[in-house]
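Some structures are shown below for you to check.
In what follows, chain A forms one complex with chain B and a second complex with chain C.
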Partner chain A sequence: MAVPANLPLRAAGLPALLIAGLGLVTLPVSLFAPPGVETFWTEILVRIILVTGFYIFIGNSGVFAFGHVAFACVGGYAAAWLSMNPMFKQIMLTGLPHWVQTLQLSPWAGVAAAAVMAALVALVVGAAIVRLSDIAASIATFAFLVVVNRIYSNWDSVTGGVAPLTNIPQFGSIWPTFLFAALALLTAYLFQRSRWGLMLKASRDDDVAALATGISVYRMRLAAFVLSAAVMGAGGAVYTYFLGILTVDVFYMGLTFLMLVMLVVGGAESLTGVVAGVIAVSTVAQILRLAEQGVQIGGTRLALPLGLQEITLGIFMVLVLVYRSDGITRGRELPLPRFLKANADAR
Partner chain B sequence: MRMDAKIEGAAAAAAGEALSVAGVTVRFDGLAAISGVTLRLAPGEIVGLIGPNGAGKTTLVNVLTGFQKPTEGGLEIDGRSALGWSPAKVRRAGVARSFQAGRLFGKLSVLENAQVAAIAAGLSLRDARARAAEVLDRTGLGGQLGQIAGSLPYTDQRRLDIARALASRPKYVLLDEPAAGMSDSECEDLMRIIRGLPGSFGCGVLLIEHNMHVVMSLSDRLHVLDGGRTIVTGTPAEVQADRAFLTAYLGAEGVE
Partner chain C sequence: MTQFLQTCLDAASLGSIFALSALGIGLLFGILRLANVAHGEFISTAAYSLIVPFTSVAAASELFIGKWHWAAVIPTVCAIVVVLALATERFVFRPLRSASAPVLMMASFTVSYILQNTVLMVYGSQARGVNLWYGLTQQIQWQGLRIPLIQIVTIAVTAVLMVSLSLFLKYSRFGIEVRAAAEDFRMARYLGVKANRVIGIAFAISGVLAAAVALLYLPQSGTINYAWGSPLALYGFVAVVVGGMGSLPGAVLGGFSIGIAITMLQVYLPPELKPFRDAFAFGLVIVILVVRPNGLFPVKHVMKRV
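Up next, the complex of A and B:
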């Protein structure tokens, strides 16, 4: 039987394949690569977590929620609150409850706690937002991002305001980040293949027919919203443990723009698109960043003007939208090698 | 097997099970789309709903499926009032529909379209898959399970819409012009499937169809609407003999 690429049957080996691919790059990077390259690749892995978070909601529901970086912010600060050196917390974050001030959790526990906290916030906010029509929901999530940024920028005694928080422990290796990226991909995959994922995708294609089919569109959307927020929260925490330092504006417009470019370029409706989009856009962005720094030739420094990075990425996204509106993967998943495919079909 | 389901349906009907509206009026901005319509559909029977364009047929289907709250009148499913229920709740109570304008889950496969309906009815992924495959087989789509629904030819899309409605094992199926735009032979194919629904699924069918010949031969009873009002109800023979029906509805077309 000829089975199209995005039939779940055939996609059974998909996360394994994506994760194995990422692992194959991570291994030599961890062993041989210079620190600059290792940082570049770690950042890609972090972005895969975050874009996967976006994808779980946007890709399955079809509702463009712009504000999900807010959940990464919530997760990032949760990580800092729980893991920062207690001495610094008692000086900088005087508004934190005493028991939090004295706590110093491992990054592992911090990521888990960040996911839970982001999910709880999403449950409350999402209960209102996913009731809205598509456009209104998009705008509301964006407004939510602004609100979260304003609160975290100004609540000095708890967040340190716009000042960076330092003395946050780091993982010290690329592997934990890889593991969380793998976990994010697996979560997204299991969700999109679940009963709930299928019902949500049906409502994405036609919400009236979904209601007529007995699907509670509201409940499916809320579930995806909460799950995607949990992944975003975990991603924000992983990012924080990767940097070892936290600034509120890291989780704002710039990151939102970058994530959306990655999602759109890769193709918002496939998990393969998430990985492809992150890698493609990160690479282009890295080249542009280097070009902005410039090269020294003789006595003169040749450099592209600052800001060109965003402009070029914007143009890149528009071009993809014009020529391949469903992204470079055309919304399809990776074709599986034959031996995996046979297994998948047998399920 | 076929007879069993039919007998089951008849038994359910005898037990007073039915989908019904009583004295239903729907007004849009003061204009009545339907006025004082009373209709009853029991499991196991086929009722033809006919009337010219704009007669209010789709509006009535919308009322029966919870998509349109009537301005006046009642809606009952098996003796329980279903007024104000959401479409999803009405569906879970056993009332399924197809749409006049396709409305498939375009990016899902043929199999998934039917599977998701069975899932929404509470089945596990695996059971829903089996149920969907079975229903698709019976509606003649068994060979296209993996195809993306949006890429199906038009007539197959209409059949998939019906298969999706059947996949939740509804007690009542409302089909809104399922054969619209089909050629005569395609239409006959489809009608053979529809004729078999009460027998194989035990459900009641409300069929909206413009082809007089087809609807007369298929229906146990007919309900004729014009300008939002019921002008006549009864067996096909009774309706064909009715004066009001002949002048109001077939006057322009003549009897075939």
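Up next, the complex of A and C:
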């Protein structure tokens, strides 16, 4: 990744801190944890990539885009097309070009290709959508999500329709996922500290003033839209390689809602909020899921009724929206320890 | 020719359903700038209130409220949805009154999620067959046309609801307040319009319209599942955008346009493109938002409020 010359790496104290924190958990998890815990933590890392994708656009531009999961869908299918076992591709996905059918790339190349493909789609769609003002943009991105879902779930010869795609290779370790999560956080940080990121934040806080000082809000938004789509695409690919199986409805309203809950609960305007939100909501959801499975006490089984997990999550979200709409971090970043602060500029 | 008339009748009946749905969404959007995603769950709730909860899954579910005389069913279902709509207003949207439009949309997304999962928890995820008003599904033969009675009823009820709603909005005190609030909420409040009352009325009307959609569409679809109302609300959304956001006549015209467009696409689209019908419809939303942000039927007072 290209680092702008005017941004010394040593100023990157915040992502270093967040990544180190995640690494400190990942290390013991990869060495000692039972498979269930490892899956739980890998899922958190994947979600960090996806929520970071949402954050790069929403957090910096202030425009609530509801459709970013569509880019994860695009990325997930790109990954499957490139790395699925060619034998199955020739049977299931007859509409793919011949050179794709015979191809079998490694997951690493798959993630990169997914990011590029999602970015290209975002460039075309974004050129139209980011012109729109707040609620129109929200509705348009929502419509985009529906369009992508309808196309991918009905274009049987290319996507297999609603049938799941299997025989997708997996990473086989938690570390690649960690690496991509770290990369996503670093990308988001470098963008928000860059000239373009700062101009975009200026337009978020006051778009009239930003336009008056000569900022092309349209171009900044489009840049953020494409970059966030690339991260979403990569996230969708990583998610697909994590699951080893791909169904189209994974990337629809349910995931959109979960990602937005995490973003809003953490605080949509800070990168620390992304990590905090993902970990907090995933943990609450996991506890509720375990409670639904129930505990055996004596001869009786105590369990919450099935479905209470989602309802509780929804009520939690309403409470956060009403009482703490800037999230648990209140939109602030993690305070840096002194040895890092000496080098970092004021925020 | 007969085929074409048949298609027109289908379009008018589907358009009526979408217009009612769009009216319920457009009313709240006009006043609160709330893009209410949860409208679909209002519709689902109305349908589910007709059958017995916690019953075993059978081909045709046992009716609960749906068993009563129609004159009792209609007000009861309306009352249930109105109470639900007022409750979401009181507990979710009232505390968020000063929030931005996207946050409101996020909140309605949350309400939709909660309600949908509540339905899922109480009634299960299996589709249920519902035999509501069996007599209405019969067909009348007329000049070679097969006219399902329910289509006539749908069109007639929609016409009656629209005329009475526009009379209410035009001449009653509350209606005038609602229209004033839709035009300029802040100014209306300065002039003594009570915010809670106006918004409460709007939510109640929205709930009645959702109940009407459910009761009119259920005899045609015959089965329901936990996400039954969502597509109806999504098309309502499309209609609101097509008609020009915030304009009520626009929402109605938008609803009929979408009904006609969907029916025509279904009939005249080549078979290999038919599965992509919805993709076309929602692609149209994006195109219209970009090309004609004020909708196809703009009204004068629709403008950005700073």
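Things to note:
The rule is simple: the second predicted complex is superposed on the first by the 324 of 347 C-alpha atoms of A that agree within 3 Å, B and C clash if a C-alpha of one lies under 4 Å from a C-alpha of the other, contacts with A are read in each partner's own complex, and residues count from 1 in each chain.
In this section, contacts are C-beta pairs under 8 Å (C-beta built on N, C-alpha and C of every residue); 3 or more make two chains touch, one makes a residue touch a chain.
This is a predicted model, so every value here is computed, not measured.
Of the two partner chains placed by superposition, only chain B is touched by A:Gly214; chain C is not. In the superposed pair of complexes, A:Leu31 makes contact with neither chain B nor chain C. Of the two partner chains, chain C is the only one that A:Ile129 touches; chain B does not reach it.
In the superposition on chain A, contact of A:Glu269 is made with chain B only, not with chain C.
Annotation for chain A, partner touching more residues between chain B and chain C: C.
Judged by the touch definition given at the top, the superposed model places A:Ala202 against chain B, while chain C stays out of reach. Once the two complexes are overlaid on chain A, none of the chain A residues touched by chain B in the first is touched by chain C in the second. The part of chain A that touches chain B in the complex is made up of residues 1-4, 6-9, 194-195, 198-199, 201-202, 204-206, 208-217, 269, 331.
Within the complex formed with chain C, the chain A residues making contact are 63-64, 66, 125, 128-129, 131-136, 138-140, 143-144, 146-147, 150-151, 154-155, 257, 260-261, 264, 305-308, 310-311, 313-315, 317-318, 321-322, 325.
Those residues of chain B that touch chain A in the shared complex are 65, 67, 86-88, 91-92, 96-97, 99, 103-109, 111-113, 115-117, 119-121, 124-125, 128, 145-148, 164, 168. For chain C in complex with chain A, the touching residues are 33, 35, 91-92, 95-96, 99-103, 105-107, 109-111, 113-114, 117-118, 120-121, 234, 237-238, 241, 245, 275-276, 278-279, 282-283, 285-286, 289-290, 293, 304.
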